[in-house]
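Have a look at these structures, which come just after this line.
Two complexes follow with subunit A in common, the first pairing it with subunit B and the second with subunit C.
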Partner chain A sequence: MGNLEILLQAPIFSVQLLIDGLLVGSIFALAAYGMALLWGVMNIINISQGDYVILGGYVTLTLYNAGIHPLFGVPVAAVVLFIVGWIIYRAVIFRVVDRDLFISILATFGISILLQQLMDQIFGADIQSAESGLGQIFLFDNQVTVSQIKLVAFAVVVVVGVALVLFFKKSRMGQAIRATAQNARAARLMGINTDRVYAMTFALNAALCGAAGALVVMTWVIQPFIGLAYTIRSFMIVVVAGLGNIAAVVAAALGLGAAEQFAAFLLGAEFQIGFVFGLLVVILLVRNMFLKRQRQVLK
Partner chain B sequence: MNGSGKMVIYVVAAIAALLIPQVPMLQPYLIQFAFLWVMILFAMTWDVMGGQMGYNSFGNIVFFGVGMYATAVVQRDLYFTVEEYANVAGGEQAALTPVEYLTGLSLGMGTGAVLAVVVAAVLGSGILGLRGHYFAICTLGLGIAAGELASGWDYIGAGSGLVTPLLPDALGERGPFFFYLFLVLAVITFAVLKRLYAGQFGLAINAIRDDEDKADALGLHATRYKTVAWCVSGFFLALTGGAFGNLVIFIDPTDVAFAGPTFGVWMVLMAILGGKGTLWGPVIGATVFHITQELFWTYLFGWQRVALGLLIVVVVVFFPLGIVGWLRERWPQRFGEVVDEEARRVQVSLEGER
Partner chain C sequence: MFRYLKPAFILLPAAALAMSLAGAAQAKVEGDTIVLGAALSFTGKYKTNGKHTKNGYELAVKKVNEMGGVKVGGKSYKLKVVYYDDESTPARGAQLAERLIKQDGIQFMLGPYSSGLTKAMAPVTEKYKIPMVEGNGASRSLFNKGYKYLFAVLSTSEQYLAEAINLAAQQTLAAGKDPADLKLALAMENDPFSQDIRAGVLDDAQTHSMNVVIDDKLPKELNDMTVTLTKVRALKPDILVVSGHSKGAATAVRQMMEQKVDVPMFAITHCEAADVVGKFGPGADYTLCATQWAETMTYKDKYFGAAPDYAKLFEKEYGYVPPYQAAESTASVLVWVDALQRAGSFDREKLRDALAATEIQTFYGNIKFDETGKNIAKPMVLRQIQGGQYKVVAPTKWASDKLIHPRPKWSER
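Our next item is the complex of A and B:
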């Protein structure tokens, strides 16, 4: 807790933490929106969410090692993960869509372990990252530094977000997805091929995670076994923000990003992951407390 | 089959298990068998929550870790100071007399079990209020948070882990000692759970699984039963953990004690593989799983964990009923006889009417 004094004496540090946190949080928003989509449309909680993020990171890393600028990794990772997502849907997920929620949780848990171990075998267990080669921006008399790549990542998230909103509003597939989310049976009666919609939703979610992963590998680091942290972050954000509200998801994601930066600074970086998982428990308990209070009113 | 027939089966099984160390061919594998009993304990304790009560917990590993650390710390602090221990742990091991060792082990396991019950009661009062997938994911977070916490706590060795005292020579080889220790533990746990499932407690937690709101409305103290169930599960898991720490000698916070991605998931998988919510399911599931896993280790070295992930997906998606569950669906009449509980028979007949 010694770092708290530093923060109090030099408030500018908190500006630094806040900016870093918000920019990192914007990346969480992508994966979290994917999770909300899946949860809302297919009623599946995807534990392998974070592993698609990490896989997207490795796709970008492979490009980077081949001498291509990692920013191109964003669309490439999205496309590759779209295909991976489609395959996983066709192989496993379509069998668990209408079944008990726990079955889908456990099945995606299995996929998560499978992907983790495959990545470990193929890319090795080392912590890796891709250099974007972009510089830093200095603010407030050089007291606050912002790396340009994080700003670029933020811009990418905004672009993807706008594209998503347009996709759901304008395109036939987007409308079909929304219709299926509202009432799958009615959608089927109206001639929508819900199986295709589910496949599309799942693949789209994977693509979003892939894009997020490409940004993670440029701004942070990746490692085969840290995917679960991204799953938990996404879950937390969705629990706080609710389903199907993109603005709330973004707000919650930015908040989480900032909270994590402050926690890492105050408690020490080794407790950051512990903080994420601890926060999950707290959020769920608080949520339950509020729900209970509402139930009592109904009585 | 009647009561005495079942008795014969139990007696034969017990004698067979006790005879394993006497077979020369199997003697090199006694540690393997000890691990098998541990797996069975994992699956049985998970099934109290996941199978019988329908609360799918990914966080039961917390009690395992709590028991393991409590035992190791008691063993350490009973006869050494922390500094002394840190010194001997590096090079030569601290030598204990058999009496000292056994006192430390039993006191430690007792402390661990009590601590786990307290932890279960405290955590349970909040977390058991969550339902369905919220409970599952919350406990997942709990297990990992506990591991991260243990990795940062210096008193229990932080990230570099904790070494448990070695088994004194006078107590014989490691193999037979832990073989019998875990066998006794597994048999006691099985007997206690069998007794619990047969009585009011079993009916109550099954009612909670089937429809918690209705059970609550009918006057069942659901929260009380849920907490007790978690305490029972935690109690036996902590005993297992305490002994397991001594079996593997070195306690790593995230790879051994709070090993969510391995043990934490295996216990779920084993219970489902055998058939969750049945008495024998976890035992059979754990046995099949342990053999499969050993084959993976032998023949797929390097890829065994990948195969394990695949196994989880296949079991969950194509075989959610499990071995015993499948058999029961196939031959319900015959099965009502083999699995002995009265409650089971009632349930099978109810399912038939539906």
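Our next item is the complex of A and C:
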């Protein structure tokens, strides 16, 4: 536990870990919110989630290589991925929406492989990254560094989150999506074109992933086959947060991000992922216990 | 409807079988051409290095053929290589090895790219007693299984960064201090290759009784090392050693630069593959990079001359500076040429013995195999990035430039 001593003696390092964890978590929050949306509205667990993230990264990288500042990649990747999502829905997903979960998992798994191989063919297998040129903020006598791009990412997540909440509350389409999520059949009877709602939902999810990907390529590195990590992370956040509550998703993402950093510091980097999975099991057990207790009260 | 298709279902495999049997009749030597076989990664995650490997093989074949081919038993033969795409997956590699040997009748194998693929193919070549000369599988575990038909021209992975530890020890002794006081930090990807490197580094650290203060195993999908670097900032080690293929190299160099982490010595693998100089410019300066081969070395052979001549020829042919993956592939073909000529026959066992007795110098380095089939005559090279240029600084015998040690602090750059 020598690492714990470091934190106790120099608490400044825990500030570093906390800030970094929260900011890292915010990037995952975007993709996770898209996954919750898809799961809630269409009952699809999207295995290809991470591949949309990486594709968004490549869209940004293409702009970057053309001499455009990668920050413009955030909206551009979102728009491009929106279109890609719409096409994928029209080509494949609409056939599996009402089928059981297993079929949609299989279908999105297939899409995942296809996207990976296409990205590999088009962009090559090398790792790549885009420099935002934003630099770092150094705090506390250079003991804590915060990269500005991560702050930008945090801001993007907040803005997009608020925009989404408004979209679902105010706009007709947002209301239609919520209605469809509650009861697709009833929504259809009320004259909502659920097929369009599904297409919109799927495209919106892809757009969120695209924006996340633009942030990923500026913060870290991308490679065609690294998408699964983002799928798994989104899945976990959604499992912890539940469906249909954007605040819970953001909170879970930030919390997991921070927990991960501390786990990696205290236990060693090899336990980073393992710790998060362990935490997932604990959270599910605890939640289950609480739910049971509530049911007993209701009896 | 399916009733009418049935005959087709039976006929098709039968035809395929007949064709494959016809293929088996072709020998490993067709007329005056010796046919070598290789499964390489033309698609999937290793495709860049798969291409380097193929270009390396092809350049050797071209040069050898231009210079009169291979003389076996008084007759001159041309070389040719048959390739398949292993899709960067080990299972496919093993299948293709089987196919090359059983259907295409290949008797002379060249290695695939990466330790993982080599590990998948070696049991197959071993089963059929087909010798394989490879230049891209460095994992230690390839050479402790008692394989008799596997020969590797490159330095094995536990040697990759061990030289950095010795270099640090030398520097410390020269400065009149005790290497045992040095603090060592390791951040190694949790995969067989990087863990081999870790084992080698730890062995050498132990001989100098250095202190290991950080020993992180990074996840396979690594793209963030902030936590490890925070530890580095807290514990102030004298040496930081990182290995995690290209993504590890790019992540480490980038975050060291961004977070202005100071450490006197910083050594990594895969600088060239990750193009850290191109990506990060001056931020990559003073990094120590392990490499199998450098185009400034002075080893020589009759086909390519010295290493710089090889680099020039390769660049003329393919339009880029040869990475060591290409050089070691070319060297693998040269080992075959030498063994074929010395054996003077196509007898498999004679060839194996000839390969085992190899003792040559190539532009890539000296090659001499020990009984496990790995090359023990060539050391790893350490290059330091100085002003955007790779300069050889170790081993001292081949060094062209002096090591800049310790790394200047970020605040002083």
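Here, the second predicted complex is superposed on the first by the 253 of 299 C-alpha atoms of A that agree within 3 Å, B and C clash if a C-alpha of one lies under 4 Å from a C-alpha of the other, contacts with A are read in each partner's own complex, and residues count from 1 in each chain.
Everything that follows uses one rule, which is that contacts are C-beta pairs under 8 Å (C-beta built on N, C-alpha and C of every residue); 3 or more make two chains touch, one makes a residue touch a chain.
Computed from a predicted model, the values in this text were never measured in an experiment.
Visitor: After lining up the shared chain so the two structures overlap, which partner does A:L280 touch, if you call subunit B first and subunit C second: first, second, both or neither?
Guide: So A:L280 only meets subunit B here.
Visitor: Under the stated touch criterion, which partner chain does A:N288 make contact with: subunit B (first), subunit C (second), both, or neither?
Guide: Only subunit B is touched by A:N288; subunit C is not.
Visitor: Quick check for you: in the superposed arrangement, does A:F13 touch first (subunit B), second (subunit C), both or neither?
Guide: Only subunit C; A:F13 stays clear of subunit B.
Visitor: Quick check for you: in the superposed arrangement, does A:N142 touch first (subunit B), second (subunit C), both or neither?
Guide: Once the two structures are laid over each other on A, A:N142 reaches subunit C alone.
Visitor: Would you check which partner chain A:E270 touches, where first means subunit B only, second means subunit C only, and both and neither mean what they say?
Guide: both
Visitor: Have a look at where A:V92 lands relative to subunit B and subunit C in the superposition and call it first, second, both or neither.
Guide: After superposition on chain A, A:V92 lies in contact with subunit B alone.
Visitor: A:Q117 in the overlay: touching subunit B, subunit C, both, or neither? Say first, second, both or neither.
Guide: After superposing on A, A:Q117 lies in contact with both subunit B and subunit C.
Visitor: Per the contact definition in the header, classify A:N245: touching subunit B only (first), subunit C only (second), both, or neither.
Guide: Neither subunit B nor subunit C is touched by A:N245.
Visitor: Check whether A:Q175 is in contact with subunit B, with subunit C, with both or with neither, and answer first, second, both or neither.
Guide: The answer is neither, since A:Q175 touches no partner chain.
Visitor: Once the two structures are fitted together, what part of subunit A is touched by subunit B and by subunit C alike?
Guide: 117, 120-121, 225, 228, 268, 270, 273
Visitor: So in the complex, the part of subunit B that touches subunit A is made up of which residues?
Guide: 56, 126-127, 129-130, 132-134, 136-138, 140-142, 144-145, 148-149, 151-152, 159, 261, 265, 268, 272, 302-303, 305-306, 308-313, 316-318, 320
Visitor: Applying the document's contact rule, which stretches of subunit A touch subunit C when the two form their complex?
Guide: 3, 6, 10, 13, 16-17, 20, 24, 117, 120-121, 124-127, 129, 131, 135-136, 138, 142-143, 145, 147, 220-226, 228-229, 261, 264-265, 268-270, 272-273
Visitor: Spell out the residues on subunit A that touch subunit B in their complex, using ranges where they run on.
Guide: 45, 92, 95-96, 99-103, 105-107, 109-118, 120-121, 225, 228, 232, 235, 239, 268, 270-271, 273-274, 277-278, 280-281, 284-285, 287-288, 292
Visitor: Which stretch or stretches of subunit C touch subunit A in the complex?
Guide: Residues of subunit C touching subunit A: 43-48, 187, 190, 215-219, 221, 223-224, 226-228, 230-231, 233-235, 246-247, 250-251, 254, 258-260, 273-274, 279.
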